[in-house]
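After this come two complexes, each holding chain A, first together with chain B and then together with chain C.
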Partner chain A sequence: MKAGPITQFLTEDKGGQRLLLVILALSIYMPLAHLLLPSDSMFYVSSYTLTLWGKYLCYGMLALAVDLVWGYCGILSLGHGAFFALGGYGMGMYLMRQIGDRGVYGDPVLPDFMVFLSYEKLPWFWLGMDMFWFAMIMAVLVPGLLAFVFGWLAFRSRVTGVYLSIITQALTFSLMLAFFRNEMGFGGNNGLTDFRDILGFSLQSSGVRAALFFASGLLLIIAYLVCRYIVNSRLGRTMVAVRDAESRTRFLGYRVEWVKTFAFVASAMIAAIAGILYVPQVGIINPSEFSPIQSIEIIVWVAVGGRGTLYGAVLGAIVVNYLKTWFTSHYPDMWLFFLGALFVVTTLFMPKGLVGVWGQVKDYIAIRRGYQKPGDGTASQGGA
Partner chain B sequence: MKPKHIEKDVVLYVDGVSVSFDGFKALNNLSLILNRGEMRAIIGPNGAGKTTMMDVITGKTRPDEGVVEFDGSIDLTKHDEAQIANLGIGRKFQKPSVIETLTVYENLELAITGQRGNWANLFFKRSAAQSQRIDELLALVRLQDQPDTVAGSLSHGQKQWLEIGMLLAQEPKVLLIDEPAAGMTDAETERTAELFKELAQHYSLVVVEHDMTFIRALNCKVTVLHEGSVLAEGTLDQVQKNQKVIDVYLGR
Partner chain C sequence: MKALRFGSLMLLAWMLWTPALADDFERLLQPLTSNNMAAKAQVVQKLADTGDARALVIFEAILDGNLHFRRDTGELVLASLSGNMFQLRDPYTGESLGEAGRREVSRVNVNNAIRSDLRTRRAALQLEIGTATDRRNAARRLMSQIDEELRPLFEGRLQVESSRATRRYLEMGLALMDLQDTDPRVRMAAINTLDNDLLPVVRRSLTPLAENDPNEAVREAAQRSVRDIDTLLKVNRVAENVYYGISLGSVLLLAAIGLAITFGVMGVINMAHGEMIMLGAYTTYVVQLMMPNHIEYSILVAIPAAFMVAGLVGILIERGVIRFLYGRPLETLLATFGISLILQQAVRSIFSPLNRQVTTPEWMSGSFEINGALALTYNRFYIIIFSLLVLAALMVLLKKTHFGLQMRAVTQNRRMASAMGIRTGWVDALTFGLGSGIAGIAGVALSQLTNVGPNMGQQYIIDSFLVVVFGGVGNLWGTLVGAMSLGITNKLIEPWTGAVLAKIVILVAVILFIQKRPRGLFALKGRSVED
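After this line comes the complex of A and B, so read on.
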């Protein structure tokens, strides 16, 4: 019979356990290999590779966030890049203030772009962002609050399906336009960059790179466990009920708008954390992160990996971005075509994504042999 | 205004309710009074407004005019679906609607009465009483052997039963049941009628059904709807002799 969320993770989530083990191994091995091995060793991990994989881990966390809200609650958000970017801007603001008087203009308080745009003093929303703890709280709270207000308004008015997807696109698009403007006070179209230190340590140093990578792996694991707890709880099953039979769920006495708002806010905050970790590793945050296409790509990652499984989403993000790295260095113009093709192939031939392929093969063999289990192997938990 | 003296015996009070969809009157000055502990059968041709009436009572559709009151003086037109469900009105849909991707057990656990807020739901643990109640319900709807079966792979009749189980798990005061016997075998239909007669001892029920054998087995007062209003009311025998009813429904 139904066990609690934790027992259920231990006994049923084999895919998740395997994924977490791999991520744990990577987060220990890669930083150590980077720090300790000589650079001519076969097992050495260069700072380029470390940063690249650190980025993949952040994307994995972002995909996880989207799977929570789309895979389990049926909310197809095409604007999650916005929460990721806002988290990133929060971190970027902190990193800008860490530069201090070492900027080109040498102003002790104002970042270079503000001096350049002849700001007299720091805009109010930059105050306190020189304190790490405060900046981190804001970087998670602000996207969470935005998701709360946006979600509550949309879900209370029962905006669903395509309409909801469209307004999430509009959300990220309008944020992009806003952040492009110099008057917004976020560095306009150049964004925030030329970072130097984090917590007083140089971002260029091996130690900091290794630590950031480790932190990304660790937080991805924690985020996974939190998401798994949520989807294994009765709230998670209510989310599935909302996804598959929204109206029915209301008649069971659940406030669907609150269930959706919860999923949306939790997801936005996880996306923001991914953005926070992403920015110091890539060294820049600019308004292009808000562009609608970025948010659509996340959906492709999740679909390719396997929607509604959590571990599939993380896997999808890593695989697709690995391919993207390869494509953009060999055939940069072809990437979007390939991405589109990948999405079509997935929807047509792998409805359960990469993680469902093995099950599909087994079912196929079973059918060829002329029998099938009663209830059939496709009725796995979380399904489409 | 309804007369004061009947108030304490009436659990559901529907008076003068009209609903129109794009000018088409699905309900036309409909009135219905359900007493506490009463079972009532509703019959009527397709499109008579039976399902729409349930939509109005459960908050899915807002009436254009009319009074819908529950349990004394709660104005149902001022509440939404979730609130009405929590007030104690449970509903079984015409089309069986269980959560197909969840198991039988999970469906019942979702329906079991208790806190519905997000935090309570996130940290929900079944109490001993809730576990026991779910087991009882599993036995009652004869699904005790397949608690872990995904609801989507149950037979049509079993889904109907699971949904009845979910309805009872909510511990409502009034049960609104839309075409429970549809898709059931004769044996299942008979058992369902037995079950309802048993339920009538503890709950107030409104049962919509086309199957006359089933209605006869329920042995309760019958209301005939036609074009959104009440055409006749009485025992099944009285209703079946009514010329208007024969003309629009039974005679065809």
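After this line comes the complex of A and C, so read on.
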């Protein structure tokens, strides 16, 4: 019998411990440096850097969510951007309502785009979104519910593998088309933007930026611990069993569809939380977040970092996005070449991602010295 | 009898007057240079009465807005602005008369009343002196502005007109005039002559009769006619939507058919499939650039060229990347998506990120008119034929050739095929090349319908996957049925929901359908399914 989930985290998850320490350090240091240090100091963190890294942390959480379903349950979802974006829209709706009568048209209730599209009154699904707690609950519950209905339907009828990937892609694509429509009541093409306040504080102030960054770091750590708890629990081991041999697990008497639905819903809700944190830092949410390409990019972060390790996914998201920022500002034309090559190289040469490279190297050396048989895998890290 | 006499009178008048008019014509035009609109209106009428070909030239020029006159001499010229100067041409011969400054010439302006009168008279003149096609178009144009004044013209023309289409228009025109006749029998005959024609003007003219004609029999006949026309229009609209649906279906088929090979037969989730389509479209563009004098035939060169380009790139991708990933479908997804990004950026760097325009050959444009309300465009028609040809060719290749046999053998049992001496590696490469090459051909066809740009592949990739998955993997008939049913359903629900919502409905329908039949419409059965 293995040790309990928490002991297991403390004793075995070395990669996760290191990653969490770094993130904890970042989420304490960066906000403080932004608030307290003078702007000419070497250690000062500008508000641009702060929001940029805040964005990376949100992406890290999103990658974590995808790794939970893909790395541990074998469900390759090409539509996780949809849950992220839905969470973001929930936050966006709350922030829209906070603008109040300070919009261009000065309507006390209706957001600008609704006045522009001559809405008479607020659509029913906007009601109550001016209350923070209600908006946040909806922003997590709605994606969760969508994931539940979609997952339950798909897993019950045993839609697997490629078929599942294609229909998740169709899901996010149809949501994108729907949100592009002005009639949907979500601002159409332009999405929701021009936010001002959150909980009564200005979004532009340094304090709020620092707080949002800290919240992102903290929630990423919590999400990581929750995910680690799930995958170390009995349920998590069943998930891995489903990933590796679905039919066999079913024959052993496990309700595979419920295991998968659970993983899918939990993952969707984590993705939604990432979306909630993302929107106030970036300042806009529009339908392009739903685009299938966006969702495929998330898969790449996870694959590059190392699938089925959790910390690899977070690392992959941060590294790839950091590179993206660097390339698009220095060599904008080269970015897609680089990203494309990264895909190919990762799948061909680094099946375990960045965090598996060290293990691969050790394996290689061991084989050269003749100590170990190839493919033994004891030297590699992680659970995949 | 009356008409015959009128016609011969006109002829006689024309024969007598023509020599004299040669001088009078110029004089007639004089008031055009004035500002007096009433005088101009009179000129138009007089010009039309001459029946002179030159009058037609003048009418066209006024309607196009490039008839000008020299301020000093009052001479009429065609003028077009280039830079700061007017280029002058002779209205009748078209020969250049040099340049003039902006202040040296003025335009012959007309008001809207004269303009609409001009249109009618231009059509009437064309009817008299134009070529067969001109006459038919003119007669058709006159249908919408029918007027009792046109009766002598129509009656006269009917005596001599030989083209059946034109005659039919002329008869309908007369019947439309007869609808206003006081004699109920004439009106009745007119309704019969019109014979439920679908030209919009017919229904428009019959409606008042159906509502309040004093004669009961006429009223009923008109009502019946309007009802019949409405039914026919409804049938037409459905037929038109089905046609659009089939054409959308064949576009989907073309886009998906290559994927049915790479994904359906080989099990490679080829996300770079859309970029193969894009490569085919860009090949069409390049071929057109290389043969600017033979645009008409460039598309015939482009088809094999696109097949070769996309096919070769496909073989390269297979040999370089995919062959290391067989049996790991989700990994092929990532790798091919990476390749698609590289190809997109490559095209963007080479050709610029802007869309390129591919010229549609003359023989592919235009439309085939079935009746007054329904016209089917040729380019869609050709694409339907083309997609079916490609499908048929592929079927023959798979079922009747040696290579097809090897291909099927390798997909069904790789080891056995290898043991029988088939070079499975080469078969894989060629199969992937074939699928990519067909995507390239699809690109040639799609370049005729949409803009050619670096992102065009992405528009089709999701649709293509849906078609293949919906139809059932590994079955070309499934792809055909899948593409056609998605295309036709889409176009049939579009009138109710609008384009975007129709697309969403289709997507959701396919998602739900997959729940019911997780392996698509025509699923493979047997042990090989469960891997």
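Note that the second predicted complex is superposed on the first by the 372 of 384 C-alpha atoms of A that agree within 3 Å, B and C clash if a C-alpha of one lies under 4 Å from a C-alpha of the other, contacts with A are read in each partner's own complex, and residues count from 1 in each chain.
The working rule: a residue touches a chain if its C-beta (ideal position, glycine included) is under 8 Å from a C-beta of that chain, and two chains touch if they have at least 3 such contacts.
Keep in mind that this is a model prediction, so the values were computed, not measured.
Enquirer: Given the touch rule stated above, what does A:Phe251 touch, chain B (first), chain C (second), both, or neither?
Expert: In the superposition, A:Phe251 touches chain B alone.
Enquirer: Report the partner of chain A that touches more of its residues: chain B or chain C.
Expert: Comparing chain B with chain C, the partner touching more chain A residues is C.
Enquirer: So in the superposed three-chain picture, is A:Leu127 touching just chain B, just chain C, both, or none of them (first/second/both/neither)?
Expert: A:Leu127 sits against neither chain B nor chain C.
Enquirer: Taking the superposition as given, does A:Leu36 touch the first partner, chain B, the second, chain C, both, or neither?
Expert: neither
Enquirer: Does the superposition put A:Ala303 against chain B (first), chain C (second), both, or neither?
Expert: Only chain C is touched by A:Ala303; chain B is not.
Enquirer: Quick check for you: in the superposed arrangement, does A:Leu342 touch first (chain B), second (chain C), both or neither?
Expert: A:Leu342: touches chain C, not chain B.
Enquirer: Name the contact category of A:Ala154: first (chain B only), second (chain C only), both, or neither.
Expert: A:Ala154: touches chain C, not chain B.
Enquirer: Do chain B and chain C touch any of the same residues on chain A, and if so, which?
Expert: Dual-contact residues (chain A): 247.
Enquirer: Touching residues of chain A toward chain B in the complex: what are they?
Expert: 1-2, 4, 230, 233-235, 237-238, 240-241, 244-245, 247-256, 258-259, 262, 375-376, 379, 382-383
Enquirer: Help me check something: in the complex, which residues belonging to chain A touch chain C?
Expert: By the definition above, chain A touches chain C via 76, 150, 153-154, 156-163, 165-167, 169-171, 173-174, 177-178, 180-181, 247, 292-293, 296, 299-300, 303, 333, 335-337, 339-344, 346-348, 351.
Enquirer: Which residues of chain C touch chain A in their complex?
Expert: Those in contact with chain A are residues 263, 269, 271, 321, 324-325, 329-335, 337-342, 344-346, 348-349, 458, 462, 465-466, 469, 500-501, 503-504, 507-508, 510-512, 514-516, 518-519, 530.
Enquirer: In the complex formed with chain A, which residues of chain B make contact?
Expert: 58, 60, 80-82, 85-86, 90-91, 93, 97-103, 105-106, 109-111, 116-118, 121-125, 147-150, 152-153, 166, 170
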